[in-house]
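Only one structure is covered here, and it is reproduced in the block below.
Letters A, B and C mark the chains as written, and numbering starts fresh at 1 in each.
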Amino acid sequence: METEVLEFRTGSDPQARDITSEVARFVADKGDGIVQVFCPHATAGIALIETGAGSDDDLLDVIDHVLPPGFDYRHQHGSPGHGADHVLPAFIAPSITIPVLDGRMQLGTWQSVVLVDPNRDNPRRSVRLSFVSG
Amino acid sequence: METEVLEFRTGSDPQARDITSEVARFVADKGDGIVQVFCPHATAGIALIETGAGSDDDLLDVIDHVLPPGFDYRHQHGSPGHGADHVLPAFIAPSITIPVLDGRMQLGTWQSVVLVDPNRDNPRRSVRLSFVSG
Amino acid sequence: METEVLEFRTGSDPQARDITSEVARFVADKGDGIVQVFCPHATAGIALIETGAGSDDDLLDVIDHVLPPGFDYRHQHGSPGHGADHVLPAFIAPSITIPVLDGRMQLGTWQSVVLVDPNRDNPRRSVRLSFVSG
């Protein structure tokens, strides 16, 4: 299987990072199939949303509404709010597949591939890309 | 890769539309593998839920609880609530895969494939189906 | 396609059950590709989260915050809260894919495969594992 691990520096603030161009580069020479975008971390997810018109930052705000940092979590490691980070991947999964035709992702006009990392404690993140021919 | 784009008229009201029969027809002659159901829009998702006993409409109501239309979104385009529509795909992803054996999806008795479209502004929606042999 | 159905007894309490070892065993002899973990039920999901430090039980609590059992659901079958169980799979999907290299899932250190079953009414659950070579 053609597969590759990308490394991102996401820093110490919550981040919704557009990684569309990196995924596009990976699939560019790969014909038809599906690309799997997989984040091997327990406190991050992968989303397909619009970026550049505010929705990426809206997502970070809404995450705090949906999964309140101050909720009474059992998980006690890390910075305040880290308990919430640990349930996030159940709702924003760290794995998604995207169709590829002739080396191009078949995304809609306003869709971007976004690494969602609310976690202040892990400044570096990996994303594994894998291609399965169709 | 065997792939096909379906077009749906979802109108100007939020809709949870059962598209199981269309996906079943697509895979009917395709043997064993996985079918990927992918919605190339930034304000819609794909869900596997029961339909016909109220849960599809329950889902539309619960979306307004989870992602309040009146939240202070940065995204300002479109009708009221459109900011919420734009974070929805992070929580209800627009991509899902389903196992297929001998041309039949291996869904549970009560599972349907549902196009979740809360968006009042886009009356037409596409769904791309792709089949990867196993 | 190589595929197998596992059976789990999840009992009458909500449960977030770690099934990583069962999936690891399934892929152990299968080379490179992606494994699809699919739950054919309308009231359960599959999540990739940390287990063993409280986050699995945190998830069950947070589900009741995100999808309140007392919400005014149309769906009226089953025990109290069953209406919430039926919208859960829209947010915690019953299908996820994981990359596999040389018979080993490429999970992060803290990621486990978890069957999320809030449903008190179904004491037995199936999970279908399918492998697609890459």
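General observations
Note that in this section a residue touches a chain if its C-beta (ideal position, glycine included) is under 8 Å from a C-beta of that chain, and two chains touch if they have at least 3 such contacts.
Fair warning: this is a prediction, and the values are worked out from it, not measured in the lab.
Copies subunit A and subunit B of the same sequence differ in orientation by 120 degrees, per CA superposition (steps of 5). Different-residue interface: subunit A and subunit C share under half of the residue numbers found at their contact.
Computed centre separation for the pair subunit A/subunit C is 20 angstrom, with centres defined by C-alpha atoms. Chain contacts: subunit A has residues 66, 91, 93, 97, 132-133 touching two or more partner chains.
In the complex of the two chains, the subunit A residues touching subunit B come out as 32-34, 45, 47-50, 53-55, 57-59, 61-62, 65-66, 91-93, 96-99, 101, 106-111, 114, 116, 132-134. Partner subunit C is touched in their complex by these residues of subunit A: 1-3, 36, 38-42, 66-68, 71-77, 83, 86-87, 89-91, 93-95, 97, 126, 128, 130-133.
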